[in-house]
Every structure is written in C-alpha cells, then in structure tokens.
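Two complexes come next, and they have one chain in common, subunit A, joined by subunit B in the first and subunit C in the second.
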Partner chain A sequence: MKHWLIFPAAFLLVIFFVFPISTMLTQSFYNTTIETSLPLTTQQLKNGVVDYEALRQDLTDEKARKVINYINHYYPGARSLFAKTINNIQDIDDLVEFDSRWADPGLWKVLEYETHSFTAKNYTKIFESVDSVYFKVLTQTLIISLAITLVTVLLSYPLAYFLTTVTNRWHFVLIMFCILLPFFTSYLSRLVAWLVLLQKNGLINQILSNFDMSLNLMYNTAGIFIGSVYIVLPMAVLPIYAAMRNIDMSLIKTGSIVGANKYQVFRDIYFPLTKTGIYNAALLVFMTVIGFYTTPALLGGSKGKFITEQIVYHMEVSLNWGLATALTSTLLIIILIIFYFYSRANKDLYRD
Partner chain B sequence: MIKTLVAIFSYCLLLFLIAPMLVIIYMSFSSDAYFLLDSSQFSLQWYKQLTSDSVWLKALKNSLQIGILSTTLSLMFAVPAAFWIHQNTSYRNLMLSLMISPMIIPPMIAAVSWFFYYNSIGFFNSMFNLILSNCIIGIPFVVISVLATLNNYTWNNEKSSLICGANKLQTFYYITLPAVYPGILIGGILSFIASFDELIVALFLSTYETRTIPLEMWSSMRENISPVVLAVTSLLMLFSLISMLLVEFLRKRKND
Partner chain C sequence: MLELKNITKQYKSKTALNAVDLQIQSGEFVSILGPSGSGKSTLLNCISGFDNDFVGDILVDNNSIKKVPSNKRNIGMVFQHYALFPYMTALENIAYPLKMRKQSIDQAKEILDKVGLADYSNKYPHQLSGGQQQRIALARAMVYNPKVVLMDEPLGALDLKLRNELQVFIKDMHKEYCTTTVYVTHDLVEAFSLSDRIVVLNNGVIEQVDTPKNIYKTPANEFVKDFITSGLQHIQTLSRVIQ
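And now, the complex of A and B:
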C-alpha cells in the first residue's frame, strides 16, 4: 500500500494537534505563569538561589507585567511594587536599594512556592469541595447543557417527523432551506440576530411594549437557552430525520393490521426505531453545547455561567494559567467520555 | 388531528429558524442606529460606511488570506489521507479518529493548547500560527466529504484505464479526479467556511495586525453593537447561501 499518502496528514496532526493538547494536559499539573514571565528568576530559584540580579533582568522584559495581578493574589501590595519597579527599571541597578520590600522573605516564599514544578494544586482548587466556585460552574455547565439538549431533541422530533410526511418536492426544498440556511451561517451571525431581537430595547421588547409588557430575555439563563437551542436545532433535526426516513413503512402497516391502535404503533414500533437517531442527535448536541463560549458569554450575563467563560477569564484576565489549563483538561475529559459513547453507538458510521 | 398539530408546530419552529435571518437583513437596510422599528427608513448607509472603513477592510483581507491559505493546506494534507483511509483496513479506525479529532474537540481546548504550544516552542508568528491552526480545523471536513465520495466509487474504471495503457498519473488525472472532485470541492468549501468563522482560536492567537472578521464582530458585539455589524452579517449570510447552494448542487451531482 502507498503509505506515504497518510504520512503528511498524520504527522501534521500529531505534531500540531495531539502533541499540543498533551502538553496542555501535563501543564495543568505545573505552575507556569511565573515560569513563563520570569524565566531567569525561576531557574535560579530551582537551584535554591535567591538572585536579585536575575529578577532585575526578568523585569526589563515587558512580559513581566503579566505576572503582576497574579502575584498580587498571594502577596498583597505586589501590584504597586512591581508596577513601580518595571516603570523605572532602566534606572535601577539594585532592586533592594530601590525598594526594600524586594528583600522581604515573604515575597520570595510566594515566588518559590509558585515555581514548584509538580503540583495538583490546580485540580484541588476545582474539586476541593462541592461549594468551590469552579465545581459549581462545572455542574452548572453540565446541567444547562443537558437541559438544552433535552429541549432541542424534544423540539426537533416533531419537525423531523413532519419532514418525512412532506411529499411535494418544492415544499420539501423550502423546508430544508429553512433548516440548512441557519446551519451554514456562522455562529456569530446567528448571535447578532438574537442580540438585536432580545436586547432590553430590542425588537421583541419593542413589540411587547405596545401591550405594556417587557421581558428580560438577555443576560440570564433564558438568553443562553434561546441562543443555544437556535444554534443546535438543525444539528438535531438532521440525524433524527435520517433515522425516520430509513424506517420500513410496511412494519407500521403490519402493526395496524394486527390490531394495534395509532398510539400503540407509535410506542411499540415507530419510536423504538428512531431511538438511534435520538441518541446520536442528543450526544452530538450535548458535545457541542458544552464547549460553547460565544453564546453564554454574550447572552448569559457577566457572571460566567459556563466553564469556557472561566477558561477565558483565567487565560486573559487573571492570568492564572495553571488553573486555566486544569479547567480545559477537565472539559476535555468530559468531551472524550461523551465521544466514547457516541463512537460506540456509531461503530460503522463511516464504514459504508 | 395530530397531523395538523405537528404541521402547525413545525411551521412555528421553521419560522423561529428563519425569522432572525430575515430580521437582520431587514434591519441592515434601516436608517436607524438604535434598531427602532417605528422611525426607520430604507437606507444603504451602513453598507457605504462598511466599504470605507479601513478596520473592516483589513479584517476582510486577513480573513480571506487565512481562509484561502488554510483551505489549500487542508486539501493538500487531507485528500491523500482520505484515499489512504479508504483503501486500508489495518489502523483505519485509528487514523480516521486522528483525522476527525479536531472536529470533536471544541475549539476552546485546541486554542488554549496552541497558545501555550506556540509560545513554548518559541515560534510565535501570529499569521502563520492562525493559518496552521485553521488548516488543522479544516482537515476533518475534507476527509469526511472525500471519504463519502470514495464510498460510492468503484475502482474498476481505474483498472480498465491501466489495462488500456494509461500510466498512473494519467489514470489519476482523467479517471479518479473527475469522479471525486465533488467531494473535494465540498470539503474545500466547508473547511473555508469553518476557518472564515473561527473566533475562539483568533481570540487567543491574533495580534493587532492579524485581526479577523469574526474578531471584529465579536468586539463590536461585546461593546455597543453598531448597525455596521448587521451589514457585515447580511453579507456573510449571502455568502453562506451561495456556499450552501453550491454544496447541495455538488451533493446531488455526486449521487447521480
């Protein structure tokens, strides 16, 4: 066989996809914020040396600014100390002479603790108790995603059935158009639409104000629900429709001939035959919703209801990269578990 | 009775699916900056503003550059891989899982990983990183659609061609390629759409110089949404419509 056909793609994916993700997984067991921002100091600390000169050199680099907020968490007052020093770094020869706080053993204890290489600290922070912020966000993400999945599947089942009953060709094309156009349109464009509709002064509230009513549809769970269901609905209709189309209608006829009423035919014959479609749709939707970031960040308010929002917060604002990678790894493991069930149900998905 | 209920329910749901799109197109031609229904008149001002706005034009240039280059790369890597997966039985499932994994793993996880990876190997060129990342995100789309075409394909024509004296290259060019090109095109279109829409990766890897259309839309949406975004969205919808029609046309052609 011509094995060179697969090599480039496999090589690319291993080097630039599998490897980065495994690095991220191992990184979640390390503190990297200080190591990346203050490399020389970290190296000296690992040798057991408190080196002011190394720290001074690290501080001449602009990326040292990234560490300010992070250290301030553990050592109050670090923000002003770091900012002041970095702003004047060109004129400083000796840190301790510039500000005696640099000699404080407390500060160096924090720095040393934060450069300890292997740690499960990031995970204990998430799972230390059921009351921890991150554990709550995690369960909240799972519950909201589950509810969205349930609603989506319940809504798409009748629609998929309706599709199977349409006989006129143009009628069918029109319905498919309504389902596929949103499916092909980007997430963000679809969210723009809901932003304009759901805002406080949005179109829905403008119409409702004629009847002296107003609804809070954004910046709460309702907003996440509407936006997410809208995005994943086509994704659920298509597999359920595919399962329904493959049903052998003679089975239904046989059912009614042998005396089952309509309800019994549905419960005992039709519904069981569509179960795989429902199962597939549900797993696909769940897997997608749980990784959503844009929808909850835009329509769900500032509290950060989804785990992805916490990841972005710790990546970009608090710069607690250890925690960010631990949260990302947790999300990855959840996704892989769901995918295991999905692929087991679809063993022969791409075979024929 | 139940049938009528199902029909009514389905029409309501279809309205729910299509109405927001129509509203956006309608509002993008309205003169009012605050999305008010009453006081609006027909106007093209947001489109005019868009075509003269250097920020959006730059974003468009970046998005097109990333989209075209990453799609080309995806095709170059994924099309041979799809042929291999189609012909092999050993390690087939392993390789298939590897190829479609970028589709299963949410972009957030990949983006966080890439952010650290590119930093740690000391190779941080925003444009190149974005192209490479989008290429990887596009690979599954190409592999799946090419595989779907190959599954309808019999290799007898190739054998006949070889027997009749054509060499391998000629056979590939005259027999195999015309048979599978709808799959390759579909994969290319889907992977281009995916990279043109990609926000999360751009959020982590973009610099000021490499901001893309989704990134500009996102910052506008997070602050005070300007009607110019509606014009952008309407144009993107037109683009989705064209690509959807193209994909459906190619699918039909493939099945005939």
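And now, the complex of A and C:
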C-alpha cells in the first residue's frame, strides 16, 4: 500500500478542517472578549478587586466599544450606559459620580463572571431550559430537517425506480438533465426564481386566484420545504438510483419463482437491497439541509427558524462569537450522532 | 410431465426460438445443450414465466401454465451466480419459499442437513464459498417440492474441482427427490454425465433429442456431430498434454 498517496488530501484536511474546527471548539469554551477589551479591569477582578479607576482607564481606549453589544446581552441597558460613558470619557473623573449604575453589583457580577477564561456558559445558555430560544430553534431545525429528508427520500424513491426502467438512451439523458438542473444554475438565482413563483402575487397564486384561492407558500415553513426539497432532490435520487441499478435481477426472478407475489418481492427482496441507497441519500440530504442558510433566510420569513440564522446573527450582529461557535459545535455534534447511527445501520447490512 | 408445444419466440430482428416441441417425463433429467446464443436461456425464461411474449404453449401435467404468473407455477430455479438473498442467512434463504406458502420451516432444516451444511445455517451468503452457496441455492429450489426444477448453468461460476463435486451432488439430489429437471449448459461433460436425455439446441431450433449414448453414437446431423466432436477434442487434447 502506498500510504503517502493520502498525504496531500490529509494535509488539506488538517489545514482547512481539523485546525478551524478545533479552534472553533476551543473558542466555544473560551471567553477572551472582556480580557482583551478591558485588560486592566480584568486584571483587578482576577485579584478580587472592584476597581472603578481601572475600568475608567480601560474605557478611554476605543477598543472598549467591542464589548458593548456583548455585555448588553447579559446586562440589559449596558449599551446606553457604555456608549454614554465612552463618548464623554475625557470629562469623567469618577464613573459612579457620572452614572450611579456603574456601582450596580449586578453589572460587576456579569463582568466578573465574564473574566473567567474557561467557561461552559455558552452551552448552558443553549441548554439551560427547553424554553430557551436556542434550544427551541435547534429542535425546530432538527424537526424541519428530518421532515425534509423524509419527504425528499419518499419523492426520490419512485423517481429513481422510474429511471431504472427507462431503456431509451436519449430519454434517460433528458430525465437526468431535468433532475440535475438545480445543480446547473447558481444557488441564489434558483431561490430568486422561487420568489417569483411562490410569493403572494406570484405565478402560482395568480393561477389560484382564478379559483378564488390563495396559498401562503413563502415566508413560512412551507417555503423552506419547497425550496430545500427542490435543491436536495438530486442528492437523494442519485444514490438510490445507483443502489437500484446494482440489484442483481436474478434475485428478483428468484423471489417470484419461489412463490412471492409482486408486493412480497418488493417488501422482502427489492426494498432491502435498496436500503444502502436510502441511508446514503438520507444522510447526504440531512447533513446538507441542516446547514442550509440561504433557503430559510430567503424563503422562511424573518423569524429565524433555522439554527444557521442564529449562528450568522451572533457572528455578524451581536458579535457573541462564543455563543456562535457553541451553536456551530452543537450542530456538528448532532451530525456526528446521526453519522454514528448511519454507520451502525449500514454495518448491519450485508457486504457482498 | 412438462410439455413444450411449438414455442416460437421472436425478437425484433432475430428468431430466438423456432417451433420448439419437447416432452419431458416426470422425474426425468433433461439437459439443454447448445452454444451461446442458441436460445437456451430464452427457453428457461419462457418456462419460468419471466417471458410471456411468445407463441405456443407450456403444459405441466396436461395443464397449460402460460397464463399462470411465475409465483404460482410451482417451479424451482437455480441460477449461475447462486442468486441467494444477501441479507438472509442460509436457513432463511431456504425457508423463504416455505414462508411464502405459509408452511412450517422444518423442511428447510431437514434439507439443509441433507446438503451437508447444517452447521452453516446462521451464516450469510458472503461468508460461504461458491460451492456452499450453490448447494444452498439448490436446496432452496427443491425445498417446496416443485413440479419442475430449472437450472441455468449452475456450475458455470465454479472451478473444476468444485464442478465435479457438485455434479455428483446434483445427481444424488435428483435421485433422492426425483424432480423433473431441465438443466441448461454448454458443457458437454456435464450434460453427458448427468442427463437421461439431451436436447441439442442451435439458433433456436432443436437439432436432436436423445439419450447421451445415442447422441454420441448417431448424431442426427453435421451440427450435432461437430458440436460433440469439438467438445470431446478438448478432453482428448487435455489427456494428450498430460501424458
């Protein structure tokens, strides 16, 4: 065996996969926002001292602004307090005199807590209760993704079977072209096409209005469904089709000659032989869908139904990278768990 | 008794079977011998019901089975590549026809013992050798006492040693169960050593039907003569090389 053949791919994997992921995992447990932005205050807090003067000096530095959104997350009202103080910092000698809120033990408790560099708080925030926003969005993402996977596989199975029965080469090419069509155009332009078709005054609703009907097909879960299923359909059709093509026809013939009727042949012989294809398709579709961002963002409405939308929000708007990476890591772990079940299910199948 | 009456199978540009008439007695072992493309497999497909698009009739014990679907024909079949269900154990494979008939699977255990693989009942096909797999396939085709067993080059995928071993095995099984057997092969030695009668098929036409002895002694025409002598030449060449 030529082990060195894997070196280039392994090198790429380490640089672009292992390294970023481990950084992400560490980031989700570490918390350096306060430490880098308010160094003197952190120093004093670590010694157990609440030092107003140290904080005043930290606030003279522009980089202190970075913590505003972050602290506001845990201490409502911090945004205005920090902004007001930083804007007038040149004229302030005593913080408590300027605004009595600086003496609030609640604020200092937050600051003190945030200076611990190792923390599991990002995770406890996600899982603190079943009512927490993140937990809700996470379960919602999971349920929608599973449902999309199920629907996609159910739609793909008969389609893949139909493909195996096509004997004319040009018909096959034409059908394959239609199935692969979503891959030929850019992701965004496809979604924009959906907007034209599905919106309130879109093509479908214009036709339906002739019958005095209208459907809400966009800016809700239905929108996510329609957009996602369409995009991942080829990913499900191809593995299932491959599994069907590999079926030895003499097995089907045997089934029928030993006494199984058409339904029994399907249930006992044909279907089990396509299981690998179904598992592959489901895994591929699920892993793709759970990481979808553009589709739910464009077609799913403004409610932030998908966990990816939360991740992007904390990356770009609230700048709470710890929470963003914790959410990403949770997503990764869910996929790993699913992958474990997938490999277990596949292990039980025969190897020929 | 299996009767083929005037079977003609026409493909777009080719006549695969042309007026094939054949009577096979109950318990008889008949080989269909012929070169590739002579229509052997097409004939089996007609008998098994996978191909119903032909002219003529097929009778089992004087009843036409042409309109009977495969699963109701009560015919057994063995394929060249075993066609065992890969996710079923040896025993489950053999028991499957019984399950479809809602019968007890005791017979499956019995026949597994008879083919000498009782210890392998819980093994999956991929854990068995080619010879063992074909024994299981044979057992599966016999376990429900079908009226006719069709074998489509069952030894074609095996090496010489196993082939000889399984020839004896097939012969023994036939003696024990006395099932009417149609054995398709292009191997002269197999056909001669196993059969009661041999059907020589060429281009969809039956050239001769007779016992192995008569076919060897009095070939009906040039084709049969050539086919048999060229087959035997192989064996003679082989023995000359060895000496």
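The rule we apply is simple: the second predicted complex is superposed on the first by the 244 of 352 C-alpha atoms of A that agree within 3 Å, B and C clash if a C-alpha of one lies under 4 Å from a C-alpha of the other, contacts with A are read in each partner's own complex, and residues count from 1 in each chain.
Just so it is clear, a residue touches a chain if its C-beta (ideal position, glycine included) is under 8 Å from a C-beta of that chain, and two chains touch if they have at least 3 such contacts.
Computed from a predicted structure; not experimentally measured.
Student: Could you look at A:169 and tell me whether it touches subunit B, subunit C, both or neither (first, second, both, neither)?
Tutor: Neither partner.
Student: So, does A:272 touch the first partner subunit B, the second partner subunit C, both, or neither?
Tutor: A:272 sits against subunit C, while subunit B stays out of touch.
Student: Check whether A:256 is in contact with subunit B, with subunit C, with both or with neither, and answer first, second, both or neither.
Tutor: second
Student: Which holds for A:264: it touches subunit B only (first), subunit C only (second), both, or neither?
Tutor: After superposition on chain A, A:264 lies in contact with subunit C alone.
Student: On the A-aligned overlay, A:188 touches which partner chain: subunit B = first, subunit C = second, or both, or neither?
Tutor: In the superposed model, A:188 contacts subunit B only, not subunit C.
Student: Would you sort A:344 into first (subunit B), second (subunit C), both or neither based on which partner it touches?
Tutor: It touches nothing on subunit B or subunit C.
Student: Have a look at where A:331 lands relative to subunit B and subunit C in the superposition and call it first, second, both or neither.
Tutor: So A:331 only meets subunit B here.
Student: Does subunit A have more residues touched by subunit B or by subunit C?
Tutor: B
Student: Examine A:158 and indicate which partner it touches, taking first as subunit B and second as subunit C; both and neither are also allowed.
Tutor: first
Student: Hey, what residues of subunit A end up touching subunit B and subunit C alike?
Tutor: Common interface on subunit A, subunit B vs subunit C: 350, 352.
Student: Within the complex, which stretch of subunit A touches subunit B?
Tutor: Residues 1-3, 5-6, 8-10, 12-14, 16-21, 23-24, 27, 32, 36, 155, 158-159, 161-163, 165, 175, 178-182, 184-197, 199, 201-203, 206-207, 230, 233-234, 262, 287-288, 290-291, 293-294, 298, 308, 311-312, 315, 321, 324-325, 328, 331-332, 335, 339, 343, 350, 352 of subunit A touch subunit B in their complex.
Student: Give the list of subunit C residues in touch with subunit A in this complex.
Tutor: Interface residues on subunit C, with respect to subunit A: 48-50, 69-77, 79, 81, 83, 85-87, 96-97, 100-101, 124-126, 140-141, 144.
Student: Can you check the complex and tell me which residues of subunit B touch subunit A?
Tutor: Touch list, subunit B to subunit A: 2-3, 6-7, 9-10, 13-14, 16-18, 20-21, 23-24, 27, 34-37, 76-78, 80-81, 83-85, 87-88, 95-99, 101-102, 104-110, 112-117, 119-120, 132-133, 135-136, 139, 144, 147, 151, 193, 196-197, 199-200, 203-204, 214, 217-218, 221-222, 225, 229-230, 233, 236-237, 240-241, 243-244, 247-248.
Student: Would you tell me which residues of subunit A are touching subunit C in their complex?
Tutor: 248, 250-251, 253-261, 264, 268-269, 272-273, 349-352
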